[in-house]
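Each structure below appears as structure tokens.
Each of the next two complexes has chain A plus one more chain, namely chain B in the first and chain C in the second.
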Partner chain A sequence: MEAGSAKWQRNLFIASFIIPTFAFFCIFTIYPVAKGLYYSMFDWSGMSQTKSFIGLDNFKEMFKDPIVWRAIGNDYFLVVGKIIGIMVIATFFAVALTRFNFKMAGFFRSIFFIPNVISVVVIGVLWNFIYNPQIGFLNAFLSLFTDEKVTITWLGFTNHTIWMLLPPAIWAGIGFYMILLIAAIQNIPASYYEAAELEGATQWRQFRSITVPLIWEQMKVSILNIMMTTLNGSFVIVWIMTEGGPDNSTQVMGSYLYQMAFRQYHFGFGAAIGVLILMLSLITTVVLQRLLRHETVELS
Partner chain B sequence: MMNKKKYAAMSAAVLLASVSLAGCGSSNDNASNNASTNAANNGSTNATNDGGTNAGSTNAGTNAGTNAGTTDTPKLTGDFEVQYFVGGYGDKWWTKVIADFQAANPDLHVKALGGPKINEQNKPRWIGGNPPDFVYIDGPELNDRQMVEDGQLEDLTDWIKDAKNVDGDKILDMLAQQPQQFDGKIYNIPLVLNSWGIFWNKALFKEKGWQEPQDFQQFLDVSDKIKAAGTTPFIHTGKYPYYINGAFLYPAIVSANNGDYTVLQDMAANKVEAFESEAVKTALGKIVTLRDKGFIDKASIQINHTDSQMLFLQNKDAFIPNGLWLPNEMSKDIPQGFDFGFIPSITQDAGQKIVANTSTATVAIAKNAKNKDAAHAFLQFVFSKAQASQWAELSGAPSNIKGDISASNAPSFVKDAAKYLTDPNTIVIPTITFNADVDKAMQDATDALTIGKIDPAGWVKRVTDVVKKVAK
Partner chain C sequence: MNNGIRNPIVKIVFYAILILWGLSVLYPLLWTLLDALKNNDQFFRHAPWSLPDFPLLWSNFSYVWNKYNFDSYFMNSIIITTGSTLLGLLLAATTAYVLARYKFMGSGALYLLYIASMMVPFILALIPLFFLMNSFHLINTKIGLILVYTSSVLAFGIFVLVGFFRSLPKELEEASIMDGASYFGTFFRVMLPLSQPGLITVAIVNVLNIWNEYIVGTILVNDPTQYTLPVEIGVMQAEMQYRTEWGPLFAALFFTIVPVLLVYIIFQRKIASGITAGAVK
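Right after this comes the complex of A and B.
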């Protein structure tokens, strides 16, 4: 009897944590996703009282739309660019700030983290000024080395403008992943490195054979996180800096969703893009996890 | 059905009563209106802004007075909700007019739903079939054409035909710019009369000895000189290409069509032939001329309107396509001695009329409004000379009521612009709203054209592809 009551109490205790969380999850995640799926099958302006069911027409339309394909391409370009850029630089900084004991490490750690504290909106505006062809920092800097004033329109080449969004995106992301990796590196017992040193391993060898395998879990999480936040959140930086322009050249899925749903009054189509983002995020996560897991097995 | 009939009967009764009674009060109102405007005019030279607001409030007082008389018989009762977006024109006028209307109708409970985010905030109510009674269509996420297509707006065609305002004047006769028709029907009435056009700095032109252009050839000639002097002739905002479309391309199309603006209306009605017309090609050719002569500032493509306006104010560029709100918008950043020159269009040939492409914001009644009587009465209240003159003063933009501008305390550039808009030698394009997809396609295509990515034929091809899809 007593045991049963204790069990019941335990269950109640657990339930008091699980049920509210689950309810919130349902209300704020499951319901919107289901609703998004539902709207994606309608032709709806987003404001009218009536919407007409059109099945999968929005999706058919979507795959015929060249801008959607460009947006997908741009999104994956940013994913790949950010993963490489952020991981290389963040790992480099993390190793530099932990493995080579020097005085200013704490100072630099704070400095590198600052962009993470700044809102993405501010970052976008800031980099817009850097790229400004007339009064921007970049052109002014380049002009120091040339006779004539440099007037490159950094955000104006329709074929390469998406490249210009990489530096701010990487710059804004490094700090967090650097801290994550620093924490991981600091967890590695110093004796491993000492042993390696005695065996005559170089710094590079130590990095490859001790640091990387032992922080691989964190690197994996970082890579997945960069991928997911980029697919879902590249909208902000794009919208602040270019609004998808010029001539739709920097459109990502998120910005095109917004453009279609709220500027061109195709809410159903926008919802369909939302579903696309969800699907691609899921697929990419699974694929990436597979790839990275393979790597772990090999290393351990 | 019953309800509808009842409402119709009631509104007819209210209208009849208010029109006849308003007629009684109108002479009184006009007289005091004149008096107050005189006062404003006399005062404006040496008095401060306070004089203006005082003059405004006298108007309001008389209005309230006349209306108090009107409401003796069929009183407006119940709740009445007004939705208004607060943007560049501010909300001073809205708070004033709503307070005046409330004072005139003490039994009515007027609720003001205003703010910069009101369009988004009230969206669920429109979707749910429970919208505010009266709406001011301005700002993001509200588009009159879309609202008409969505069946959200009350058909005002029959009502407006002979509707009179609180002073007894026929509303349609008072409008400087007639309402836009959607398939021959009227749903919304323009409240603001603003214009796109080309600006320059008169002071700079005088100093450098450049001639202020009156037609396209003069514009090209002076631009050659400007370029030779080391200044870039023309800047626009490539991030928001509707500026160059509204201030340069559309007037150019009308000019190329011998001043006939129906071509733009046909474009808005998604007629493919209109987009393929010679007029469109000629107009696009003018952008190509600017591009090929190197007149367009290279920075244009990537900057937003504020950045382009800043560069213009710094005299880095000589001309900018913009709207009449520019001086107001940038008032804090205008350098000493900067003197705005303005012409509604620069693309006409010598001897051709100037074309003014208007930019407006409209008001409408919700189809599902619960208090349509009050909404109609509010329309009659708003489209009066007194309120129009207040609009010009409090919002710094010309109102769509004829002849109010010179009499008001509006800023001088607004009055200058009004000269163009009321001049018989100016072709005033009435408000046109394009389909949002077509509009976006035209904007993107114009951007691509200005940087040499496509040619005029490419522009037409791109846009007509979208038009065909939309028209399906």
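Right after this comes the complex of A and C.
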């Protein structure tokens, strides 16, 4: 009986540490996600009486909706723009602050990370002020070079306003990926660089032949992470800065989901957009992983 | 020996880039403070970078604090952030410890489930969460937000803490069990104190994420007395279209930024290592 009771005690311990967390996780994460998949097959305005099963009709309707296509286009515009912008700048800073013997490298590193601890809402409001047509920074700066006061409504164009959302997104993202890449570069054995120095390799050559191949894994993680966080989360800055407007031109999938569900009460349609986001982020992950793996082979 | 950059012109250019980027980060923080001291008239008459006129309008801060009820938003944010961070830490640490040290049926799968959940877009859960919380009568309550936020930080905490517990030597626990301590006693008296660095890292990353969270807060709260700071900032900025109070808006931003900046300055190293730990899945 002694052994049995010890085993029972062990199991009790395991259960009491696993079950509360798991129950919590099931109720507030797994259940809502599963329910989101389920709702996507209903025509539903939020009241239980009006919920009717329509199978894949939400998805059919979705692909006929030009705003959905625009949102997908905007999402991928931000994905590509952020990957290029963030990776170039973050890699440059990471190399500059580790390999170039700059003074105050630690100070710069601390400063550059600050936007990552500030709420996206605050960042959106600050950049709105930069773009403000009457009292904003950008117009005031441009007015220095012109006779008349510049009053461009930077967030008011129906065609290119999505470009205006790229600078804040890149500005806010740099620090995190820079820290990730700095950690990777610091893991490279110093002897590699010493050998290269002895053979007279330039900094650029060292960067291409030593740094990039050896931090490629972290660069890949960064690119995938930028893609995922953009598809899943870019709508917050969009919502704060433009609410998807003007005329739905800056709508991304997340903001359109929010608008359809919580402003227009098409909850089934909103849930279907959620499923679309999930699908696209899974597909894009697989595709990117393919592309980037190929690249590694070429480099090594 | 690393010689760095030899060409002086390249070096100057690189320094200039670093300094400019540093200014692009620091200057908005400074102007948030300076613009919080202006009245509307100064916003419209002077350039945005001009310094505020004397006397400085410190009253904008008390105005936002009292008239915009930032005292209660601040308290709401503090209560919600503290509550969900502590609860999240307890739930994550207990499960992480068992997953790191004990094998049982399905333990590997459970670990994978938590990790995989970090890949699922949270926005997919948004609509069902609203109805779930509605049916629990937890809309417009702090408890409701605490429950959802706690759940949203579990996977990250488990991921980091499993790694941390695995790195601790097994001898200490074995000795503690030999001495006759219970499993619970061993965890709370031996392992938890030892894992303090890991716990602090997770806690701080969670504090920042929860303090800054906007979208769940917007959806689960529509009673103005229950707003958190980011939710109120969003509302304030939308209202700026008809009620222009720029000085108070910047004062409000200042109240929102200062606590996270202080946390960042104090725990800088932990934050950098903690945030990047989550990305390297």
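The rule we apply is simple: the second predicted complex is superposed on the first by the 266 of 300 C-alpha atoms of A that agree within 3 Å, B and C clash if a C-alpha of one lies under 4 Å from a C-alpha of the other, contacts with A are read in each partner's own complex, and residues count from 1 in each chain.
Operating definition for what follows: a contact is a pair of C-beta atoms (placed from the backbone, for glycine too) under 8 Å apart; a residue touches a chain by one contact, two chains touch by 3 or more.
Fair warning: this is a prediction, and the values are worked out from it, not measured in the lab.
Aligning the two structures on chain A places chain B and chain C in clashing positions. In the superposed model, A:V275 lies in contact with chain C only, and not with chain B. Contact with chain C, but none with chain B, is seen for A:Y31 once the two complexes are overlaid on the shared chain.
Counting the residues of chain A that each partner touches, chain B and chain C differ, and the larger count belongs to C. In the superposed pair of complexes, A:V122 makes contact with chain C only, with no contact to chain B.
By the touch criterion defined above, A:Q264 lies against chain B but remains apart from chain C after alignment on the C-alpha atoms of chain A.
Contacts of A:A195 after superposition on the shared chain: neither chain B nor chain C is touched. Applying the stated contact rule after C-alpha superposition, one finds that A:Y131 touches chain B and leaves chain C untouched. Once the two complexes are overlaid on the shared chain, A:T50 sits against chain B while remaining clear of chain C.
Of the two partner chains placed by the overlay, only chain B lies in contact with A:P246; chain C stays clear of it.
Between chain C and chain B, the overlap after aligning on chain A sits in one stretch of 150-158, 222-230 or 258-266, namely 222-230. In the superposition on chain A, the residues of chain A contacting both chain B and chain C are 46, 134-135, 262. Every residue of chain A that touches chain C in the complex is listed here, in rising order: 9-11, 13-14, 16-18, 20-22, 24-25, 27-33, 35-37, 39, 46, 89, 92-93, 96-97, 99-102, 108, 110-122, 124-126, 128-129, 134-137, 140, 171, 174, 176, 179-180, 183, 190, 193-194, 197, 203, 218, 221-222, 225, 228, 231-233, 235-236, 239-240, 254, 257-258, 261-262, 267, 270-271, 274-275, 277-278, 281-282, 285.
Considering their complex, residues 123, 126-129, 140-141, 143, 146-147, 149-152, 238-239, 297-299, 301-303, 307, 311, 316, 368, 436-437, 440, 444-445, 447-448, 451, 453 of chain B touch chain A. Residues 45-50, 131-135, 151, 153-156, 158, 161, 242-243, 245-248, 259, 262-266 of chain A touch chain B in their complex. The touching residues of chain C, counted against chain A in their complex, run 1-5, 11, 14-15, 17-18, 21-22, 24-26, 28-29, 32, 43-44, 47-49, 91-92, 94-95, 97-99, 102, 104, 110, 114, 117, 119-132, 147-148, 150-152, 154-155, 158, 182-184, 187, 208, 211-215, 219, 229-230, 233-234, 237, 246, 249, 253, 256-257, 260-261, 263-264, 268, 271-272, 275-276, 279-281.
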